[in-house]
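Each structure below appears as structure tokens.
In the two complexes that follow, subunit A is the common piece, with subunit B as its partner first and subunit C second.
Let's look at the complex of A and B:
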């Protein structure tokens, strides 16, 4: 019944979607890794970035990607300030629970402000290449999805390189692995955690711009994203960027492929089934996830 | 606690009925005696609950504008039965529990003379139950799903041309009239899991199936679906002649762009709701030509009262009315016709007289002449619109068409 070309097309679309998931989930896994913060406002910041991209593109007529020049540093700064002045004041013993409440409030505030400023009307960026696609064998690859996949790839590689090869990256990893030991060797763990949080939020800026290329956006859209993203980082192993990327690609492909036999409604339950299975079988996550054992 | 509340409500209702029947005599009497004298009596208070915040806030506010325009036109013209009309509008925050409480309090505590319906199937169904318990006439502007009229209530009337499954009737007539070898052969349906969106799409799907069109894709997606590319891939792979979207706004835009990206070109494309949205043309990059959509209203309609409605709406709200405004205005016109004909507007026996009158008569409105069956389903049909040269135009039925239907549709 299902043709080979449809399977191939779905596989391509699934991979592209997985790339976007990976980008959107990368920040979340960082926050968890750094200091056990459950950051419910991450997807709200993604939608905020998407709105800024839409607004920038509508106001200037320029490509929405250019808005990243402003949003990436701005979001980095916001992340840093949020960590230093809000999250770091929560007591470590109750950090996980209290951060849920705090970031839930922040998500509601962002959603409310978006609604106030831009109204509840759904917006979509009108791009000259919005409907274009590239032919690959029997499949079609939408140009906007190629761009967002490329953005995801570049951002994740950059993030990985920063964590792996820079002095700051080593300090951040040390902070994640053992804060006390890191302090003993002279790392300012508070400042490092702040930068780490900023880095996570900067990925939300890139993710928001990528999302705005291929979806209509509205203020409450972030609630639809936070569930799947949480599932991805748990499956991938909290704190692991490669883990999040692999889990995102895998779940993206599975979701799209499962739509063929099951339809869209059941296919989206794959995230929750994967979450459930992970917590039952391997609570620290299937990929990477060495750090998560502490949680 | 609950017993006390119940007693209080019962007492309040009894009181309301008593007061209403007294007031009815005076109201009716004055109306007859003074024959349209202005402001000589208490105003007729109409209770309405609307989703002014929450999920349905945008259309809810449209409905509010329509009701306000109607009240202004009525009051400027000397009122109903010579009495001014006063709207008492509550905000139910798109919450089905709040809408029930709102109508309970409007009817029992505030003792309003009449009630009119809220927006959306999800709110109209519980609201119509309350109205039925109190025996109130319930004209509603915005619940088209077939299920609304299957609760056995005789007090509900839908103030629009047709319920959802009948929205595409004119299009089906058009396709049936085509020469057999030119008719579409295959169709794909993708509908949101929502009674209204599915109602419209399945009306067309089932009609096409009866004409011998093969349904090659039939998908349902959840209301929160944001990524339409997988559904689009299935449609593109099947390459049907007709694509039917049982859509709201964002899913229609996402789906059309995903279909374009996969280079699928249907010969006919019909989407509910989205194409009439002012943002639609820009959202899909102007490639709208040939897209079809059913609509219950057009500002260009030549029905006698429409000109007055459009002018009043522009004066009061500074914009042309949309379908939401028109449906609310129509609800007002239906209620007004019944009240004027029966000669009363208060709780009690009068309500039954109003209900009976509407079951036996037709009313001229801005969406045409409406009559109803015993369950409150209107007897009309929706107009079919199509984008022609970037502008939306009525293409069916032929007698009110502004342009000719384009088939097959131009490439998008």
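Let's look at the complex of A and C:
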């Protein structure tokens, strides 16, 4: 029988993992909200950022977190350019389907290039605090998990603040809600969408750095992330950031809890079960807003 | 004379401009005589397609006799396998426009089902193949039901998830599938030497390809196929016209799963060794979609053409850069280029090129007074009496059903600026 303290520990670990999922899924819902794009390359960019953090850390001996100073602006720029020069070229009628294929192609290119540059060898960052942990009541929480959760929390709050309180955030929300109406009131929706994309990709940079702290990375790792992230945004309701956050926390906790009786591989299937169950019961997702109803 | 030839041109061009082509074909349908000739035309098109399939299959069957070595023969088997897969995929993707990245799941289920049946029950190989394919079809029904409840993005997500979850399950379930150690499939022809083995399977795959092509052609010229195409062009309108879109989509999905499962089972019997990583591979799905798109999803031979081009390229990459990840980059770049610049496929471009040199394919297609007069004489001679005196509105008004009048009148203006 599983002890109470073990359950408590799993709950904490699940929440910490869920926080990271929430950050990454928020990026996906941003893309979907803005352009109806299912960005399959999101997790490939996460792995790319993780590789950059690893490479930076091994080359300079500094903390991998410092690589964020370079990757966040760079990823923002890449996202902007991707939206303006690739995705916006697709025909509106077939936008959703073709964007899936296009971003899939980008994911393959990133995976292939990572494999060619860094080889398929598994990499891991050696951190001075890599093995240390914090005692919280009866649970032992690895420091790296706390750091990645804090990073995710700060980024999510920043994302929320930008969307809620800045002029750009209002423009972005207007673009998401109704592009034509946004254009009527003088918003340059193309530029806004580009910046929104950049913002989404910047979250991938943060997520990648957080991932590099705690995971062994290899080029094809992004496949392990695509499924869970996609499941989260479908369960949460496509296009809804709060929905994605709730679904991320819930599924993160469930996954870690299920690891106790089932082991890590079988526990992973909870995402797919949730995905199929959602489609059977409520195709528009469980926590989604109005946008989700339409898809 | 705006009749069969023009209508066929309009029909064939429905790929790139659904709206206009729809109007054009309605103009074509304006004459009662022409409408009467429609089933005959479908029958003729079907016969033509079957004839072309026979010719293509006959040409492909020459490969084992000219292949310089057994390796090239085995490459031919792989390309045929891709071709069956892509043609099967196109039963869903081409007609409905639903891009599934999950058909590898059915490929893998067919392969594993066949292998497990042969290993565990001692069933004859080809009986096992059929049983496994039918089993896959049964699995595809609930999956399709779940996946087809949503459109666009969610549909693609579900199909990817299907492959990923099956990969996970087949990898973890060591006791049954052998996990990543692989599952060895007993050969159906144990006494054949390797080259003869390839040769035998080349012809079996070719037979399956012929079946898949015939199936696609039959669906293409059927009422069922018309319903599926209506889903592709505008699902909501199709639904409001009373087309049972949900059922049609599900039937197309399961049919396509059946063909793909047969390809998978046959692949398992030929290759003899299965590994979840390769059987349930989303990259393979993407390659198949790439093949279909490259050739053109609206064409009978589009996926076959794409399979030959991409299949040969992939073999070349594996042969020369097998150890590197270059094949991923190449697949990715090709996919991006096709999606950005050639979303309708090579065959559409070729068709447009040919169409440019055809006398009847003018850039502006509208009814001239002369054509109208010709048409009226034709209808007056053959069909029911026509009271028209000339001019487009009058022709429309002469139509027994008023429904055609509305779209026919604005046609000229809409077609004008083309």
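In this text, the second predicted complex is superposed on the first by the 293 of 295 C-alpha atoms of A that agree within 3 Å, B and C clash if a C-alpha of one lies under 4 Å from a C-alpha of the other, contacts with A are read in each partner's own complex, and residues count from 1 in each chain.
Simple rule for what comes next: contacts are C-beta pairs under 8 Å (C-beta built on N, C-alpha and C of every residue); 3 or more make two chains touch, one makes a residue touch a chain.
Everything numeric in this text was worked out from a predicted model, so none of it was measured.
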item	value
A:131 touches, of subunit B and subunit C: first, second, both or neither?	first
Contacts of A:53 with subunit B and subunit C, given as first, second, both or neither	neither
Which superposed partner A:122 touches (first subunit B, second subunit C, both, neither)	first
Partner chain(s) touched by A:234 [first = subunit B, second = subunit C, both, neither]	second
Partner chain in contact with A:142 - subunit B first, subunit C second, else both or neither	first
Touched partner set for A:25, first subunit B, second subunit C, both or neither	neither
Which superposed partner A:272 touches (first subunit B, second subunit C, both, neither)	second
Which of subunit B and subunit C A:17 touches, first, second, both or neither	first
First, second, both or neither for A:202, with subunit B first and subunit C second	neither
Overlap of subunit C and subunit B interfaces on subunit A (superposed complexes)	120, 265, 268
Touching residues on subunit A, where the partner in the complex is subunit C	32, 36, 38, 40, 86, 89-91, 94, 96-98, 100-102, 104-109, 111-116, 120, 219, 223, 226-227, 230-231, 233-234, 238, 265-266, 268-269, 271-272, 275-276, 279-280, 283, 295
Subunit A residues within the subunit B interface of the complex	3, 5-6, 9-10, 13-14, 17, 119-124, 126-128, 130-133, 140, 142-145, 214-216, 218, 221, 224-225, 255-256, 259-260, 263-265, 267-268
Residues of subunit C touching subunit A in the complex	97-99, 101, 146-147, 149-154, 156-158, 160-162, 164-165, 168-169, 171-172, 282-283, 286, 289, 293, 324-336, 339-340, 343
For the subunit B and subunit A complex, residues of the former touching the latter	57-58, 193, 219-222, 224-227, 229-231, 233-234, 236-237, 249-250, 253-254, 257-258, 260-263, 279, 282-287, 412
